[in-house]
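Before any comments, here is the structure.
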């Protein structure tokens, strides 16, 4: 089962782990990304995620399908937040259940690495004295 | 912070992820191990974990300390269930928060791999027609 | 030909508008990119600028149709 | 010398008792292991048999004191 969501309300880890429950799984790996309080020494006050929802869902679905084929995952759940987030709020959760636990870790790491390269979601970090679109410039 | 627990009540994923929350983490990796419905084609009806608690806590603490030193983890939470478990119940949860996400995956995988080798906890699987201590014989 | 552009993130800030009808000289995404960089020089400073049509990334050799809605995608930073 | 043995899992099943006072001939954990294998031949079938004293694994060369409580540890299978 593939469960992909982009939400403007707080994310729930148990929603993702419940979505990948399987009586024959050997293990579930989960990645949780939260808002950091600083970037290169500057204090972050909040951040905003902007998403091109339709394409973001499509790209996340591709990642989930790759995981299913390449690592034989039973289930993949990927939830990404959008809108305004405060420090320590969850930005993304990825949960993967697989027949063998090693595959769960590999697949989960592949998913977050690829999400950060291909999924059209943009993060704007706000500081005391301004804001920047993350990773926009070299 | 190191949070090690052996519990005879259902484990909570959010207890573990909350324990490793950190405003400066770059990522949290979580492993969730659940009771499988079969072993080599035989239907499992339930299982029992027996634990030598004092030493199990000590060995899990060693794993957590290694993670803290080797991968610079901020926080490690390891909860292991004991007693009787039914299919799909959670046997173990390991959550690790680190400055960089790659380290979180490596550290979490190291933790579960090592736990399965060194921590004095024993699993007895029950089938329709008997029970076996898992991995006892070659 | 005139195409409809939709932009996100820092590109929207640079173009000042989320949606824009834009006259492009050439026939390909590569041509559009060259034109845009010249109209909006700030785009040259970005680490990357990708394009999508029908919710799929397209490369520079892709032909443009005047019915296309072309999405401008600056470096993504989700997760 | 007599030592106190505490066993878990399948070893407890084989020894029939969780705690046992046992007369050992030699001076080391290795000697104890040899004696136990001879008293309880089923132990030879195990994938491994480790020992712990004071909640730490000890190896075969470790000396035994008669005040030791020695834990018998069959192959672990947590997780």
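Going in written order, the chains are labelled A, B, C and D, and every chain counts its residues from 1.
One rule holds in what follows: a residue touches a chain if its C-beta (ideal position, glycine included) is under 8 Å from a C-beta of that chain, and two chains touch if they have at least 3 such contacts.
Worth saying up front: this structure is predicted, and the values here are computed from it rather than measured.
Chemist: Go through the assembly and pull out the chains touching chain A as well as chain C.
Modeler: none
Chemist: Chain A to chain D: how many Å between their CA centres?
Modeler: 48
Chemist: Can you check how far apart chain A and chain B are, centre to centre, with Cα atoms defining each centre and the answer in Å?
Modeler: So the centre of chain A lies 23 Å away from the centre of chain B.
Chemist: Could you work out how far the Cα centre of chain C sits from that of chain D, in whole Å?
Modeler: That pair's centroid distance is 72 Å.
Chemist: So which bits of chain D are touching at least two other chains?
Modeler: Within chain D, no residue touches at least two other chains.
Chemist: Find every residue in chain B that makes contact with two or more other chains and list them.
Modeler: Only 33, 112 qualify.
Chemist: Using the contact rule from the top, write out all pairs of chains that touch.
Modeler: Pairwise, the chains that meet the contact rule are A-B, A-C, B-D.
Chemist: Mind pulling up the chain A residues that touch chain C in the complex?
Modeler: 33, 49-52, 54-56, 58, 80, 91-92, 112, 115-124, 133-138
Chemist: Which of the residues in chain C come into contact with chain A in the complex?
Modeler: Interface residues on the chain C side: 8-10, 13, 45-47, 52, 55-57, 71, 73-79.
Chemist: List the residues on chain B that touch chain A in their complex, please.
Modeler: Per the touch definition, chain B meets chain A at residues 13-14, 17, 21, 23-34, 36-38, 87-88, 101-102, 104-105, 108-109, 112.
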